[in-house]
Amino acid sequence: MGKLWDKGYELNKVVERFTVGDDYKLDLELVRWDCAGSIAHAAMLAKIGILTRDEYERLRKRLVEIVALHARDEFAILPAEEDVHTAVEGDLTKRLGDVGKKLHTARSRNDQVLLDLRLYMRDKLLTLFELACDMGGLLADFAEKHKEVPIVGRTHYQRAMPSSVGLWAGAIAESLLDDLALLRAAYQVADQCPLGSAASYGVNLDIDRQMVSDLLGFARVQNNALYANNSRGKVEAIALSALSQIMLDLSKMANDIIFWSMPEFGYFLLPQDLCGGSSLMPQKRNPALFELTRAKTAVVIACHLQVMEIIRPLISGYHRDFQETKRPLMTGMEITQAALQVCGLGLSRLSVDEKRCIAAFTPEVFATDRVLDMVKGGAPFRDAYQQVAHSLEKTAMEDPRANIRKKTHLGATGNLGLDLARKRLGDERGWLNQARAAWVPAIEKLLK
Amino acid sequence: MGKLWDKGYELNKVVERFTVGDDYKLDLELVRWDCAGSIAHAAMLAKIGILTRDEYERLRKRLVEIVALHARDEFAILPAEEDVHTAVEGDLTKRLGDVGKKLHTARSRNDQVLLDLRLYMRDKLLTLFELACDMGGLLADFAEKHKEVPIVGRTHYQRAMPSSVGLWAGAIAESLLDDLALLRAAYQVADQCPLGSAASYGVNLDIDRQMVSDLLGFARVQNNALYANNSRGKVEAIALSALSQIMLDLSKMANDIIFWSMPEFGYFLLPQDLCGGSSLMPQKRNPALFELTRAKTAVVIACHLQVMEIIRPLISGYHRDFQETKRPLMTGMEITQAALQVCGLGLSRLSVDEKRCIAAFTPEVFATDRVLDMVKGGAPFRDAYQQVAHSLEKTAMEDPRANIRKKTHLGATGNLGLDLARKRLGDERGWLNQARAAWVPAIEKLLK
Amino acid sequence: MGKLWDKGYELNKVVERFTVGDDYKLDLELVRWDCAGSIAHAAMLAKIGILTRDEYERLRKRLVEIVALHARDEFAILPAEEDVHTAVEGDLTKRLGDVGKKLHTARSRNDQVLLDLRLYMRDKLLTLFELACDMGGLLADFAEKHKEVPIVGRTHYQRAMPSSVGLWAGAIAESLLDDLALLRAAYQVADQCPLGSAASYGVNLDIDRQMVSDLLGFARVQNNALYANNSRGKVEAIALSALSQIMLDLSKMANDIIFWSMPEFGYFLLPQDLCGGSSLMPQKRNPALFELTRAKTAVVIACHLQVMEIIRPLISGYHRDFQETKRPLMTGMEITQAALQVCGLGLSRLSVDEKRCIAAFTPEVFATDRVLDMVKGGAPFRDAYQQVAHSLEKTAMEDPRANIRKKTHLGATGNLGLDLARKRLGDERGWLNQARAAWVPAIEKLLK
Amino acid sequence: MGKLWDKGYELNKVVERFTVGDDYKLDLELVRWDCAGSIAHAAMLAKIGILTRDEYERLRKRLVEIVALHARDEFAILPAEEDVHTAVEGDLTKRLGDVGKKLHTARSRNDQVLLDLRLYMRDKLLTLFELACDMGGLLADFAEKHKEVPIVGRTHYQRAMPSSVGLWAGAIAESLLDDLALLRAAYQVADQCPLGSAASYGVNLDIDRQMVSDLLGFARVQNNALYANNSRGKVEAIALSALSQIMLDLSKMANDIIFWSMPEFGYFLLPQDLCGGSSLMPQKRNPALFELTRAKTAVVIACHLQVMEIIRPLISGYHRDFQETKRPLMTGMEITQAALQVCGLGLSRLSVDEKRCIAAFTPEVFATDRVLDMVKGGAPFRDAYQQVAHSLEKTAMEDPRANIRKKTHLGATGNLGLDLARKRLGDERGWLNQARAAWVPAIEKLLK
């Protein structure tokens, strides 16, 4: 028998691919954050006397250049460099000599990964927050526009009671609004500066962790050095949990649109140019965007699970296992961001066929209203229910539009409460602006 | 071939067991909440003229009695009744006649389940919040007490750098502190009154949803009637996500304790009476509590996943599928509550063997400190690193206690920041008290 | 602050509930297997001289009585006894004195759990195998009966091409047939006798593991003592993986039936007595059985995941964590068995409305057939496709029945290949009979 | 507010990236299979008269050339082409004109994906089968070589009973052997030719599906056209389930090696060149290969879950959601293959320090043996157990080597049964050779 590791690949390639993973690709997302973090770290080292002022300035200058190179797609991370940290350190050492080597003082590579990912998450979570607000606003507008379009509300996939396009869109909007609380909690956990954890146990130098945290605009230092390390994966999982909820909302919207776009219903119509065709069937209009939103929801949930399960078996302290949490985090972020954008596009182009919506009503949809009419007239509910149930065929048809207009309790079709949703959205946007103001200028100052 | 459904069981039993599930058992946790919800609903029906004042009083009186019966274990839910709602309605109808039937006006059974579970979660999340605060406090005390006990910090399971029992316990404490933000977010999402969703689409009666919400002490009405229904499972998943994080923290603590209680380490010693024995091996002291904490963490994560996956495929509106989300919610709550209690007990009884902790140190544990000493003396980090790496055998031993005392940057062994943690705990307890004050008196008033 | 473990429960109750779990309830399923395993173990101990012949006979007699008591619901496992093993051993010791104590020689409690669960799985997997064969047969019959009933085949939920009820039912049947290979593989892994692993490392007695294995009708001894222990959870996960696939098939069937039972389609009609009603809406016919099949599929998948995740972090050897794998195994088995029975019942009562099936056809459903007609006439596929795509409105209507009859390649609507499926089913039943013959008589002999 | 889809990216890029995914990258793995499948399909079209003999030959010639180009890394799939099918069809049409367009007759793109992935899985599953056999052989050799090296067997992470390196390695070997049954079952389900499903409902041409299946060396046609489509994702999940079990075995091995390589144990020593270092700590020898094996096990399990969850909500027929099942399949395959190779390398370079293994024994490890010695002398087990438990400190030390040699029942340290394992491995390799012989020559003939 040949050697196990000689089957089909060279050994080195297999080991390298197994251990390095795709960091050198994924890390392109982190160049800006790595450089900003290094500048803040260098400034602190200068303050405590490890670097001279001049050394700091030279490091800073080149790090700012690297950010600019990267912005022009001119900064590469080679597979042999493995990750952004080595690529940047290599560049600095090549250009600046010894001072490049000094920069690593008092921090470990894991420290850097922790910090870069924290900066990345802080940024991405706010981007998603904004997109979720936008999507909520779009849904509220859609609800407003179609608030008088009745549709047959369903339970158990069966016809149930009168509903409206407005009630439907408002429901998705409010669901997204609730997710904002999760994004905010995830943001608050992420908004702590981990640098200084070093190899999980701190260092015997008088580093000034508060200074680094302030320079980077963090809300606070993530105090305990071991916790800063142990939280790798934890913070990612918390973020992915919030993302899963957003995806579940989009998935419900997608499912509903796919469902009601079936020709047998025809409530919704997607424009041809947003639909995929079929390679075999010339007549097809496939709601590809929404099908993929549905499928990718399962992907994001799996990303979330995966991160939790990677960290679950580990004792305290750093382990190489953490490396595997980066890809699911970035995958989840990328999918959720794209899904919000794509679903926003889809919704904005979705037309509603009011005639078909109304044509779908049948008398039985009004049966429950009839029961409650009898109750208003004094009958006990269960008796009225029995009576209507036994003469369903006599239930009279009603004007669906009038019906939905008449239901005016809080949150019913005739009282959607969109102002309330918009008020909440406004408050959330206020929070977003504050959150951004807390660090965007700090980062810009560092990288200027 | 015999009939498929005749293999081994009678048909009826199989169908019943499949469709009813264990609600009649699980719902014993909900009796109090179901009765409180019904009283609030009845008060509202009285206000809008569906019930007379007298009818309301009679209903209220009996519902309060049922709560008392249940508190004395004298209220049963029979399998044939399927759930608490039917059991309570049955009791009312039997005792009060027609008025019992009227109570169901303007609400569906799903409405009731939604409300009961919301009241249950609101209560349970605060219980867990309190227990997590207690556990955080216990860990901070443990850290304080043992802050000068050095242990060998590990990375990759290998010896890495000096650490301390204080740093370790403080790390778990801060991790739990961060989870409180998740519990709070989950609580805020749960603290909305869903009643009035009816069959997902509201009703044609002028119900006063705000009044019901206020009577039950909710922060607000969950406005959109369809969203109130669609959020079934969503709110549960959000709660379970927070619980998963708590369990992951306890699991890390448990793993660490199991690890360091191995005779080869011996840092920690569990008292005999908390250890399981072995049926075959007379010498065993098994850390059963902590092993089960570790295993049950996987159970809670699976509960979370399960709830998300049950609701993911569904279109808007009520479906029977929702029924299956109740058990994982309750399982997750019960496990997390017990795990906090049991781990608290375990930690409070854990002794630390300082001698063995110190005996475990070897010179190499100080290698990184040596590197940084050279850096302080002016050497570039990478050069100092190379030099120490090439003469590891010459690394001198150091007094571990002195070592950990000297590391005084934020969050290092000599500066644990436990006051900061305690300050945060105090603030969190303040929030808890406010949260409780917002509804506990309201519920007590209803049930008085 | 009060003690953490005093909140709401007494300590002992909490610890007990946390560590014992529900074994005392779950283990009622294992009484028969535990007794059979103990008889085989006792016979072996008698052979190697640990028990006298007389001691063996007394043990055997009482164990057979316990099985009989259990069959009459007269054998209890008290919570204080924790599990079936203690309950049985306690009974034996009480009645037979010292000889009861001797029975535990050369085995650990984990040994017993391993064996009991192996016997349980061996039995349950064959029960499920039989039920899956039955369901496959039922589906083949349904396909045969309705093979000439055309339905509109869908892709992307949109109308695609002509299909038939026969093609649909045949597809589910063949999917279940493929699952049988998984059940068989799971069975083969389970059909190994683990007894003799003891505390994972064997014993210093000349136990005859082959004899025990033969007495219990196993295909072979699970050789390596440590592997026998390490495989706890692994064998369970393999079984649950097969069950997940069965559930996924049933879920697809359920989803399809729910979908096509919507009044807008009306292809299928469920009888009223199998449908749940609504507490609020008198007109509802809810496909509860199928909704719950769909939801419970997520539960079984979570059971599978949970077992894998419980065992994943563990080093070799026994750990208490294994305890938590029993409940998901039994839950998965119970759900899958019930789902097969309940879906079998549902399918057998499902009526097909041929008129509505045919009425659903529109000309566009035949567009692809028109393209291929042109190809048969010599046009390149892509050109024909373009031509039909640009004149979809001219596509002619066709007789759906004639259409599906004409498609006669393997596996098309006019050539369903049900004989092939039935032939495979016959072979599978042959395997089932052999598998049962290999151990059922052995167990009956032991318990006689 | 700006448009939702304008935040940060251009719309087209977002939509394209969302819908196309990475197929154009992943599909490089499928070029060979796509061409082979197309040749077989073309041969069949020639037989039934859709293509002339000459057209077939021209297509075949170019397809063989594409395979050769791809083998030399000279065949590209552009992002704009989206997938291998379009890239190949584009190439053919550009070079051969109309005949390239004809090739798509009677098949859909999904048909092609189904077929390509089936061919890919058939090949990969056998590669993994071979690697798992190799790994099993390596473990058996390792066990043989170290069968007399005693180690302290553990339960609950505590010292339990005497074990041996041989018992440990043999346990992993037997676990992998059991996995082969799962790979075989997965292979048998995958080894069915799906081509001819078209858009899920077959075609109105007399295609010869048996001929295509035979040309490609499949065991049989996957008969039902709708099932062929519905099985997308199902077959992938079945394969991933088998892979999960292999990974769980490797993970247990990895965990054990990490554990026993800790300096406090020192049973195992990994060579320096296979260990990762630390960027901060000069003394570290990190078992990176094994840590990543452990972490990637969670990734493969998540891939498995993800595929099941993507397909679970879908009704019968093709949906775009299926696209998302390709990446997790390929990720799972790639990780498992690399993990087998890398773990094989690690194990082959692992040295065992017999002295430290022996030095780790303490008298208590022999306590159970003492109990059973007393039982052999006639004492009831429970009494002997009590007696040893109460005088643990008097337990005598024993020679560990002699101890493990003396335990000679099946599967104990003195009777590992490695010949049995090797015999099973030989049989499995026989099956592998047969499986390969069934299709490798057929594919070579097609591509010659």
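Should a chain be cited, it is by its letter among A, B, C and D, assigned in written order, with residues numbered from 1 in that chain.
In this text, a residue touches a chain if its C-beta (ideal position, glycine included) is under 8 Å from a C-beta of that chain, and two chains touch if they have at least 3 such contacts.
None of these values were measured; they are calculated from a predicted model.
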item: Contact-graph distance - origin chain B, target chain D; value: 1
item: Chain labels contacting chain B and also chain C; value: A, D
item: Contact-richer chain pair (by C-beta pairs counted) among A-B and A-D; value: A-B
item: Computed distance of Cα centres, chain C from chain A, in Å; value: 36
item: Chain A-chain B separation of Cα centroids, rounded to whole Å; value: 24
item: Distance between the centres, which are taken as Cα means, of chain D and chain A, whole angstrom; value: 31
item: Of all residues in chain A, the ones touching two or more other chains; value: 104, 155-157, 160-161, 198-199, 255, 259, 278, 280-281, 286, 288, 291, 298, 301, 305, 309, 312-313, 319-320, 368
item: Touch list for chain B against partner chain A, complex; value: 50, 98-99, 101-106, 153-157, 160-163, 167-168, 170-175, 178, 181-182, 184-185, 188-189, 196-210, 221-228, 230-231, 234, 237-238, 241, 244-245, 248, 251-252, 255-256, 259, 297-298, 301, 305, 308-309, 311-320, 368-369, 372-373, 375-376, 380-383, 403, 406-413, 416-417, 420-421
item: Of chain B, residues touching chain D in the complex; value: 155-161, 258-259, 261-265, 278, 280-288, 291, 305, 309, 312-313, 360, 362, 364, 367-368, 371, 385-386, 388-389, 392, 395
item: In the complex with chain C, residue positions of chain B that touch it; value: 1-5, 7-9, 11, 14-15, 17-19, 104, 107-109, 127, 130-131, 134-135, 137-138, 198-199, 255, 276, 278-281, 286, 288-289, 291-292, 294-296, 298-299, 301-303, 305-306, 309-310, 313, 319-324, 328, 337-342, 344-345, 348
